[in-house]
Amino acid sequence: MSRILGWLAALGLAAGMIMAFGVAPREVTQGNVQRIMYLHVPTVLVAYLAFAVVFVASIAYLWRRDPAADRLAHASAEVGVLFTGLTIAAGAIWGKPTWGTWWTWDARLTSVAILFVMYLGYLLLRGMIEDGERAARYSAVVGIVAALDIPLVHFSVYWWRTLHQPPSMLKPGPASMPEGILAALLVNVAAFALLYAYFVAKRVIVLRREEEVLA
Amino acid sequence: MTYAQRAFIVLWKDVVTERRSKATLNALLFFSLMLLFLFQFTLGGDRERLVSALPGLLWLGFVLSGLVGLGRTFLLERENDCWDGLLLTPGDKSAIYLGKVAGNLLLMLVVEVILLALFALFFNVDVARALPALSLVLPLGTVGFAAVGTLFAVMTAHVRAREVLFPVLLLPVEVPVLLASVKATEAALAGEPLSAVAPWLQLLVAADVVYLVAGVLTFDALLEG
Amino acid sequence: MRGLRKAFGRHLVLDGVDLDVGHGEAVALLGANGAGKTTLLRVAATLVRPTSGRVLVGGADGGRDPEAARRHLGFLGHGTWLYEDLTAYENLRFWATLGGRPASASALRAALAAVELERWGDERVRQFSAGMKRRVSIARLLIAQPRVLLLDEPFTGLDQRSAKWLEEHLQAFKSAGGAVLMSTHSFGRGFGVADRAAILAGGRIAADVAVASLGSEGVRRLYEVTVEDGP
């Protein structure tokens, strides 16, 4: 199963690269640097997907106490943190040539950074508890609270930035995107989603083997 | 009515214990005083700058002392295996959670009021006209901290590196509450009507509700051995 | 209990425990230090989830429905469940109310009187001796009127009078239909209450005999032999 996912992901990524570098048109104002959006946007969207999965799996675990749900939550959180980190890194790489700075406290970057730290905390908690069952329960609660917090973080950070500064012109792409860009974006989103699924599948297998060995 | 009685008895127990041992409250008050001096020394003697940063400094003070107080919430229960006793009480254990939240809320509010008074005194700020507004904003924000803080404190009570883990877990989650509270406090201190910051207050209320409900629903799962 | 297993990580403490305690019966649980007596009691009390196997307390499955099981049982472990800065009276009031049975002041005073601590009711527990603290714990235990008592070495640290009092009370508890499972180290104090003796060795009940048939001396010899031999 995971092998199929792996191949699909590889195909998807290849297609995505082609779309991003070959097919999609060069963006008018920012030049080629803008192409990093084909990494940055998919990774953040998939990160949200990952954390949504953590949320659902955490609830499922607390309800059913099924270790499989816990493994899924664990794996998804790990991959989610990875993708969030990629998002921030890509954002920084884009930011330097575009705005002249590695980091700004713009609403979206800040939200994502908070997300990153929240789920890093989730993983840290897991790492600090030896008892597997307790680690599962505790992290499930954190997973749920963190996910519930996401909309609150969004609104608060967005209001915090926009009520004090004029709306930034830092958003990638205008409201109506040229077709080529949109298509490339969608392909890459799909590709990264497949990559996420592949990573999670692999991770879950490893986690299950770990548990079997320790038992 | 037993649920309310049970929540109340937990609150009562914590208040009586605290009043007699004075362990936490004294430490927090001293800590707040130290913070005051820290702010003064690190931010320089520029009174204008301090006063303009006042809302942020206040909440910085509240959060830092809150971290100390909240992290200790369940340490008392670990003595004499009282934790076992809490776990074995029949019935809905979320009553214990709410009792604990209430206790923490009370403790934090006391420290906040004192810190506010100290700030007003030491930095010569007139907070009198802001008091009605602040008496709404402070509790709303503090509930947000107490609700999640109490929940996370259960977990960190069992972990060795709890002094590090607790803030790492709590602070990112509390960003919305912190932002909203500071903004609302800013408005209050500037003499603006609270309606000017209605969205922030609504956010606070929403956050408080979400956190309390999440806490009530998940506390049971955390309490288990 | 049926086929009870409990492992902590790789360490298998209980390995297939089968034990029954009936109404009006008291079973003394014997075993060497570290044999797993405390673990067994804690699993029975639903404080710890078994790795596999079942525990039924008063008909309720401790693993699947711990709440129902908890309603019937009273547990006395090594910790006293006392808040040091509260008085004995306040401690009792706290546990009674939290347990969902808020008791009147007179009922609480009566409970203190039953453990002969009525004069100390308004003193902070911090000042009590270990034996007195134990007695407050026992009062806390009994106020809740459980049907099953799970006691971990209840007679340890009790002076002569308190031990005698506890014995009498356990007898009364049995006569009223209660079930008692208690771990014990000594064959003297408290052993008189036991109807049966179960010896925990090698993670399972190695021997389960009626005390009346062997007498406490006989049980002691059986214990030494069983524990000596090992699994």
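As written, the chains take the letters A, B and C, and residue 1 is the first residue of each chain.
Just so it is clear, a residue touches a chain if its C-beta (ideal position, glycine included) is under 8 Å from a C-beta of that chain, and two chains touch if they have at least 3 such contacts.
Computed from a predicted model, the values in this text were never measured in an experiment.
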Checklist entry - What is the identifier of the chain with the smallest separation between its Cα mean and the overall Cα mean? => result B
Next on the checklist: Relative to chain A, which chain's C-alpha centre is the most remote?
Outcome noted: C
Checklist entry - Per the centroid of Cα atoms for each chain, what is the distance between chain A and chain B, given in Å? => result 31
Checklist outcome for this item: For the pair chain A and chain C, the C-alpha centroid-to-centroid distance in angstrom is 52
Item to check | chain B and chain C: spacing of chain centres that average the CA atoms, whole Å | outcome: 39
Checklist outcome for this item: Listed in rising order, chain C residues that touch 2 or more other chains are 49
Item to check | Where chain B touches two or more other chains at once, by residue number | outcome: 224
Checklist outcome for this item: Where chain A touches two or more other chains at once, the residues are none
Item to check | For the chain B and chain C complex, residues of the former touching the latter | outcome: 2, 5-6, 9-10, 12-13, 16-17, 20-21, 76, 79-82, 84-91, 96, 224-225
Checklist entry - Residues of chain B touching chain A in their complex? => result 148, 151-152, 155, 158-161, 165, 168-169, 171-173, 175-176, 179-180, 183, 199-200, 203, 206-207, 210-211, 214, 218, 221-222, 224
Checklist outcome for this item: Per the touch rule, the chain A residues reaching chain B in their complex are 62, 114, 117-118, 120-121, 124-125, 128-129, 134, 137-138, 140-142, 144-146, 148-149, 152-153, 155-157, 159-160
Checklist entry - How about chain C: which of its residues touch chain B in the complex? => result 42, 45-49, 67, 70-71, 73, 75, 77-86, 90, 93-95, 97-100, 102, 124
